[in-house]
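Here come two complexes built around chain A, the first alongside chain B, the second alongside chain C.
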Partner chain A sequence: MKRRTFLQLSGMTAAGALLAGCQSKNEKLIPFLVPPNEGVTPGLATWYASACRFCPAGCGILVRVSEGRAKKVEGNPLHPVNKGKLCARGQAILQELYHPDRVAQPLKRTGARGSGDFQRISWSEGLALLTGQLTALQRDKAADRLALLTPQLRGTLSELTTAFMGAFGSPYHLSFDLLAPDWLRRANRLNFSQASLPFYDLAETRYLLSFGADFVEYHLSPVQYSNAFGRMRQERDTVRGHFTYCGGRMSLTAASADRWLPARPGSEGALALAMARLILAEGLYDRDALPAGGLGAEALLKGLAAYDLHRVAELSGLGEGQIAEVAREFAATRPALAMAGEAVAFQTNGPEAVRAVQMLNLLAGNLNRPGGVYPDAGSPDGPENSFHELISLVERMQAGRIGVALVQGDPLHSIPPATGFPQALAKVPFVVSFSSLLDDTALQADLILPDHAALESWGDMIPLAGTREGVIGLMQPVVTPLFDTRQFPDVLLAVAHGLGGALAAALPRHSYQDMVKGALQKRVGRERGEGFEATWVELLRQGGLFGTSDNRDRGRMKGYRRVPGVSLPEPAQPHFAGDKQDFPLHLQVYPSIALYDGRGAPFPWLQQLPDPMTTVVWDSWVEINPQTAASLGISQGDLVEVTSPQGALRLPAVIYPAIRPDMVAIPLGQGHHGMGRYATGRGANPLALLATNIEGKDPQPAWNATRVRLTRISAKGELVTAGNTQGSFRSELIEM
Partner chain B sequence: MKKTWLVGVLVVIMIGVVAAGLALVYFLPLDLRERSPLQPIDFSHKLHAGTNAIPCLFCHRSATRSPVAGIPAVADCRACHQFISPDAPEIRKLMGYWDRREPIPWVRGHALPDFVYFPHMMHIRAKLACSTCHGEVAAMERVTRTASLKMGWCLGCHRQHKASIDCWTCHI
Partner chain C sequence: MEKITSPYKWGMVIDLDRCTGCGACVVACQAENNVAICAKKEINEGRNMHWLRIERFWVGEYPDVRGRFLPVLCQHCHDAPCEPVCPVYASYHNPDGLNGQVYNRCVGTRYCGNNCPYAVRVFNFYDHEHAWPKPLDNQLSPDITVRSRGVMEKCTFCIQRIRRAKEEAKGEGRLIRDGEVQPACAQTCPSEALVFGNMADPASRAARLARSPRRFRLLEHLGTHPSVYYLKGGGREHV
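Right after this comes the complex of A and B.
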C-alpha cells in the first residue's frame, strides 16, 4: 500500500468513527406484557417503608420503587432510631437484591463438600429432603440431634425459631454473632440485675468518655449515635460537648474526639478505676448517687486502693497528669457519660473492664438522667453467654451427636476457626444453608434453601439499643421476588406443617407474614381494638409501630439501679495468647465500617468505599505504626506476613501513625471463600489468627487478646488506596 | 510575483475548506434518528385515533399523572383484538408476540436527551393538546415526528404561553 493511500484510508476511518460516535439512533420502547395489578404508573416512583436488617441496629428505610424495580434506599424520617438518616451499608442492601450470583432456586450438593458442585432442584424436592432428614431423627427418638445456628434474632423470628426447636425437642439453637453485645448484657446483669442494653443519651451529654466504643462505625446503633454525636457537638447554642477517646488504635470515632488516650490494650479497665479512685479521693463524685447505689465513699476508696494513679499510669503507658486531667474534667462536667466498647470488652479481662467503666457512670450520677444512661426498651433481655453455647455445641458436633444442622448466616466466615467450628461442622452429616449467595457455609452445605433478599421479605425488626421507647420496625417486600426463593421463616413453617404433630400445633399459622401481622395485632389490640386491617396498612405505610405508650412507661419504670452488695469490678492483668518474645505485637481486629463483620463483602458499592482512615479499597490490610514499621524495614504497601500462635496471613501494610507502636490492627470483613464474585478470594480474614484458649484457660471470646509478629515478604502488597495516607503526594516538597 | 499570488490563493482556499468543513459539521444532521421509524407491527394511528376516534388517553393512560405518557401493555392490545379483526395479518403478528410472551419492541419516534426533564402531566394539566407537540397523529398511518424537539422550539412555546424559562425548569 502506498503511503498516500494509507493516510487517506486512515483519515476516512477516523472521520467515520467520529461521526458514528456523535450520531444517535432510535431507542426502543418496551411495553409491559401484562400491566402489574398494583397501580404502577410508568415513570412515577412509589416509596415503600421497610426496615434494614443488615446490622442489628434495625434502622427504618424508605425504598424508591419504579415500575416494580427497587432503585434507591433512604432513611425513614419517622423512625425514632435513624430519623431519616442511613449509613452506607444500609444504602447497599439494594445490591443484595440484584446480586448477579444469587442462588436462584434450591440446590443439592453433588460433588465433595466445598467443591461448589450443586444440582438445581425444585422447592418440593428440597423441602422433602429436609423433612425426610427430620422425620428420620424423630423416628430414631433423636430429636436433640438437630441444631439450628442463626445470628441473634429478635421479635417474631426469634419466637418462631424458639417454638420450632422447642416443639421438635432439641435445645441446640445457637444464636451467635461475632460482635453480639453479650458482654454488655452480662455486665448489666451483674451490676443492675437486668440484662438490658444501655441507651446512651449522647445528644444531651456535655462530656463523653469512650473506652473503645466506636459508635460512629459499628457500636450498637451507629446511625443513631452518629446523629446524636453531631447534636452533642452542635445542637446547643452555648455548649459544645467534649469528647475523649481511650483506646490503642485511632478509629474514625477516635479521630472525631478532642483528645485521644492510646492506652495499652487490656489496661482500660484499670484506667477507668484509677479515674474513679481519683474522683472519690478528691470528692468530685455525685453526692446522691453513691447512697442510692448502696455505696459509701470511704469503703469504695478502700476497695479501689490497688488502682493508684502511679501504677495505672505505668500499666496503661499514659501520663499521670493526663489521666488525672481527664478524670477531673469528667467529674467536674455534668452530665458526663462513659461508654465501653468492643475493643475493651473482647480482652480476657473485658467483662470486668466494662463494669469498671460503668462505675464511672455511677460516680457521675448519670444513671437514668438526661445526658446519661437509660435501659434500652427494645431488647430487655437476650443471649448473655452465646460464646459458651457455641463451644458446647462445637463439642457436641465433634462428638458426632448432631445429625442435622440448619444454618442461617455465614458462621464459617464469622466464627474464629480456633474454636474448632469448621472441623465440627464437617462432622455433621447433613447441613442445610439458607444463604442467598454461595457463601463459605453454603459451599459446605448439603442442601441450600435460598432466602429472599431483605427487600423481598416480611418481618419485624426490633432495633438494638437505639431508643428509649419501644419500637417495632416492619419489613415488607417492596418488589416481587426476583427468583424462586423463599423466606427462611416460611421454610421453617412449611417444614413444621410437613412434619405435623406437635410442631404443626406449636406453629398454627402457615405464613410468616401472618405471624408478623398477628404479633402486631396483639401489640396494638389493647389500644385500638376493632378494625385491625386499616391499622395494619397504616403501620406498614409508616414503617412500623413507634413509641407506644405502654412501652414508654415500662422503660421509665425499670431504670438502672445498682444491686446493693455486688462486688467491685476487678479488671485483672490481661492475658494474651502468644509469647511476648516471639510475638511482640498486640493484634486488634475491628469491623470494617463498610463490610461490618463480612456481610457487606459481596456488595461492590461497599468494596469500593474507601476506608475513612486508610482510604484502602477492595482489600484488607494491616495497620502498623511508622516506628515499628521502620524497625522491621516495612514501608507502605509492602506485603507482610502476620504470624500468630494460631496461624499466618499475608497482607499489604498500611503505615498508620495513629496506632500504638506495640499494636497492629486488621479490619474484619474480607477473606471469603465464596459469597459471589466480588467477595471471593479477596483479602484475608484475620479471625484465622485469633486464639481462644488463652494461657491454658477456658475458651473465651477475647478477639483482641492475641499477639502476633510481622515479617516483610516483598514490596508487592498491591495495595490500592484512594488517597495518600502520608499526607499529599511528595508533600515534603512544599515549604510551609 | 506569480508564485506569491499562488500561495495566497492556496491559503485562502485552505481557510475556506476548513471553514466549510466546520460549517458542515455544524449543520450536518448528526441526529440520524428516523423521523418516521418502521415499527415491528404496522400499527395505524389513523385507524385507531382517526377513524375510530379513540381518545389518546385511552391507551397512553399515564400522561395525566406521570412524566411519561405510557404505551399500552401487550395484554391491553390483545384484550380488544381477541374480538376485533383477529385474523388480520398484523393482528396475527401481535398475537405471536403474546404467545411467545414477548413485549413488542416499538421504536421510539419522540425522544429527548437524558438531561432534559419533560413531564407529560404538567403539559396536559396546562390544557395543551397532544397534537401541539406530536402533530396530527390521528391522520398518520405511521407516526411521524413533526416537531424538531430542540431547545429553541421548547422555549418558543414556553415564552408564548408565559411558562417558566428558568434553566432549572427542564434541566434538573
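Right after this comes the complex of A and C.
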C-alpha cells in the first residue's frame, strides 16, 4: 500500500468508513499537478481533475484534496467549456460527498411506502433481491415489465443502459428531465434536419436578442455562456455587445440586459415573426442568407403577412415603436444573435415559437458564422420527445404492466403530478432507487441501492451544447468512498453478470471504470497496452479529452442549413389551463439558480445563497407585481395561497417590480418530502400547480401555460431575505 | 524602527458590466474560508456570516425597471475606519495593503463592525460548531481556523492563498506573477467580472483595469481609500 493510499484510507471518518466492501481501492488516482509517485505531505494539497455532473453542461473541475479529504472544487482551466470557471452549484458538489444524511448502505423497505422505515441490508442481499425480481420477470417471459427511469444520459453510461435494457428485452427506458432541451432538438430537426443542439457564439456577437433564454441560470451551458457574456460586454476594445431580453418576467439573465421587453406569455413567437416581417419589408435582411435557405424575400413576406406590427403589438402588450426599434437594431448590427429559451418553449405554441426565433437568425445570416449559431459538437443526437415517452410509460404503469422500476434521480419531485406519475409509480410492485439521499422517490422505493457521490465516481461526461470541439470530460474519484455505496452503472453490471445469458454477453466488462477506459481507448484509437496506459494517465490528469474532434466528427458536424420547403413557423394563439375569470394570472415556474430543478436543495451552501433577484434564503416564494399585489392587499412576506385548476399551494409573497402585472412566478427546487435535513419540508414545489391537459388537448410539456389566482391568507409568510428589500445602500449614493 | 515595506498592494477590480449577479463568488468564498452555514433564523436576525454579498437594487418602476447587482466584500481600505477603533489591535493593516483581522486577539467589542461603512464585517453571534455535522466537517479547509463565538471575521482576500504564493515565489527567488494568486471569488467568477492583482505593479491586469474611465469606489466621499475598484456598467441607454 502506498503511503498516499494509506493516508487516504486513514483519513476516513470513524462512522462506518472502513466497512468491508469499499469498491474501489483508488490505486488509479491521478493528480493534476503533483506527479503520482510523490508522497503526501500533510498540509500540502493535491489537485485531481474530474467533471461536474450536477447539470448536463458537464464542466471540468479540479478538486483540492488534503489528507484524503476533498476540500474545494474549482473549474478546470484546461476544459474548453468552463475554462477554469465554475457556478455556485458546481462549488457545492462537495456537500453531496459529505452530506450528513447520505444513505450509507443498501436499504430494504419495512414499513409502508413513504413511511421512511427501512432496514439496513448488505450489498449481496440487496443485489440478490434485485436479481431475484428480474429473474422472475425473465422466467415469466415478461421482460418488458421492467422499466428504467433516468435523467437524459450521454456517453458510456447511456451505452450501458441501452445495452442493459436491450439485452434484457425491455424497450421501457425513460430518460426524462423536466428541463431537457428536447424542444430545441425538435425545432432543429424540423428546420435543419439535424437534431443537434446549437452552440451560440455569444462572445463574438454584437447584438444579443434573447427570447426567454436564461443562459446565466440554467439554459444549456450556464458557465460557458456567462463567460461568453462577459467577453461580449467588455473583452473587445471598441465594441460592447448590446443585449435585449424578451419575456414577461425579468429573470437574472434579463437583469443584465440593456433593454427588457415584457411580452405577454405565449406571444414571443408572433413577436419574433413581426420583427422578421419588418426586417424583410425594410430590406434589412442578409442578401446571401435567403437564397441559401431556399427562400425568396417576396414569398416570405407574403407568408408572414399575418404578423403585422399593429396586431402583434396588441398581442404582446408592447409598443409598436419598441418592437420596430429592436427589429431594426437587430438587423442593422452584424453579427447579431437570437436565442430562444425555456420560458418560450414551455408554452402550448412553444415548438413553433422556437422556430420563429430561429427565423430571425436565418434572416440576419447568422448560421455557422462567428458571432452566430453553430451546431454543438457534443451531442449530435438525443431524445426529442421524452415527454411523450413519459406519458406512455405512465399509462403502462397505471395498467399494471410494469413489474419492476429502476429509478435513478428523483422523478417524483421533478415530474409534475398532473401527468399521473405519482399514482402510476405507486402501482409498480417493486421500485428500486439509486439515490444517495432519501429523496421523494427513494422514500417510495422498496429497495435502495445507494450510488456514489460524484466525487467518488468514475465516468465520462460529454458536455451539452457548450463547445464546438469534441470534448469528453473524465470523472475520477478524488477520495476513497466514504460509505458502503456502489456506483449505479456498476450495480447494473453486477446485476447483468448475476443474471448471465444474453445480458452478461452484451456487457462483458465487470466494472464501469473499465468501460469508460475502453470507450476512451476506442476514441483515441490506440492499441491496447503500454501505449494507451500512458495516454489514459494523461487524460485523467488533465480531466478528459479536449479539442480533438477527429475527422469522423467533422463529417458529422455539418453546419446548419435550412431544409428547402420546410413550412414557415406558425405560432398559434397560446392556450392556457384555467379560464380567465377564475384564474386571472399567468404562472411561470423557473429553475432557481441555486437549486436548479431541485437537485441543489440538499446542499446548505445553496440553500443559504440569497436568490440574486429577491435575496430570499432557505425558502420558496411567489413573485407578484407591486400593482397586482396592491390590488389584492398583499404585501412583502405575506402568506399567499396560489390556486390553479390543478391544486393550491401556500407561499410567502415577494413584491417583484420586474414582472408583468398579469403574471406571477414561483421558483422550482423546494418542496421536498425527503432529501436530508436541509431540504425536507422546506418551501413548496410549484409543479403541483401545473396542468398538462390544456383545454382538453393531449398532454403536453407546457409548464408555463397554467393560470392561477392569489388569495392572501395572513401576514405570516415567514419570508427571510438576506438583503434589505431596496439594498443597504441607495444606488445614487454609490454612483452606480 | 525600520518601516516594513512590501512590493505588493493587493487590490480588486469588479466590472459591473460583466457581473451577472449569479452568486458563484458567494459560495466559493464560503467554501474556501470555512464560513459558517447559517440557519434561516440567524439570517432573519441579520446575522448572516457571508463575507461577500451581492446587493441587488431595483431602479425605476414597471415596465421601465432595471435590476442592478453590486458584489460587496471587504474593501480593504487604506484609511480603514475599522482599524483605529479596535482596542486590542485585532483589526490591523498589513504591509501588502490588506486589512487583516487577528481572530485570537479579537475580544468581540464589535466596534470595527460598527464603524465599517460597507457592513462587510460579520460577527459570530453563535457558536457555529453545529454548522458542520459529521461528515460535513471533512470539507473544512485546514488552512484557516474555524472562528468561535464572540469573534469578528471578514474577507481576507484569501490571505492563505497569498501566503502560499509568496512562499512559492520566494523559494524560486522571484515576485508573485500577475494572475498567479486569486481569491476564491475571482477564481470562480464565470463572467470574469472580478479581477484581483497587485496594484503596485502598473502593468498588472487589475491595475490596468483600475485606470478605466468607468472606475469608481464605494462611498468614495468618506475618504476611506478602498482597494476595491468598481467599473460602472456601461450603455444603460434604455432606462
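Assorted remarks:
Assume the second predicted complex is superposed on the first by the 674 of 736 C-alpha atoms of A that agree within 3 Å, B and C clash if a C-alpha of one lies under 4 Å from a C-alpha of the other, contacts with A are read in each partner's own complex, and residues count from 1 in each chain.
As a convention for this text, contacts are C-beta pairs under 8 Å (C-beta built on N, C-alpha and C of every residue); 3 or more make two chains touch, one makes a residue touch a chain.
Note that the structure is predicted; figures quoted are calculated from it, not measured.
Of the two partner chains, neither chain B nor chain C is touched by A:Ala112.
With both structures placed on the common chain, the touch criterion links A:Ser226 to chain C but leaves chain B unconnected.
After overlaying the two complexes on the shared chain, residue contacts for A:Val537 are found with neither chain B nor chain C.
The partner of chain A that touches more of its residues, comparing chain B with chain C, is C. Of the two partner chains, neither chain B nor chain C is touched by A:Ala305. After overlaying the two complexes on the shared chain, residue contacts for A:Gly75 are found with chain C alone; chain B is out of touch.
Taken together, the two structures place residues 43 of chain A in contact with chain B in one case and with chain C in the other.
Against chain C, in their complex, chain A makes its touches with residues 13, 15, 43, 66-67, 69-75, 82, 84-88, 90-92, 94-95, 97-100, 216-217, 222-223, 226-227, 229-231, 233-234, 240, 242, 250, 252-253, 255-256, 258-260, 262, 482, 593-594, 604-606, 608-610, 612-615, 617-619, 625-627, 657-661, 720, 722-723, 726-729, 731, 733-736. Those residues of chain C whose C-beta lies close enough to touch chain A in the complex are 15-18, 20-24, 26-28, 30-32, 37-40, 43-44, 48, 50, 53-63, 65-70, 119, 133-142, 184, 187-193, 216, 218-220, 230, 232-239.
Per the touch definition, chain B reaches chain A in the complex via residues 30-34, 37, 62, 65-68, 70-76, 98, 101-109, 111. Taken in their complex, chain A has these residues touching chain B: 19, 22-35, 41-44.
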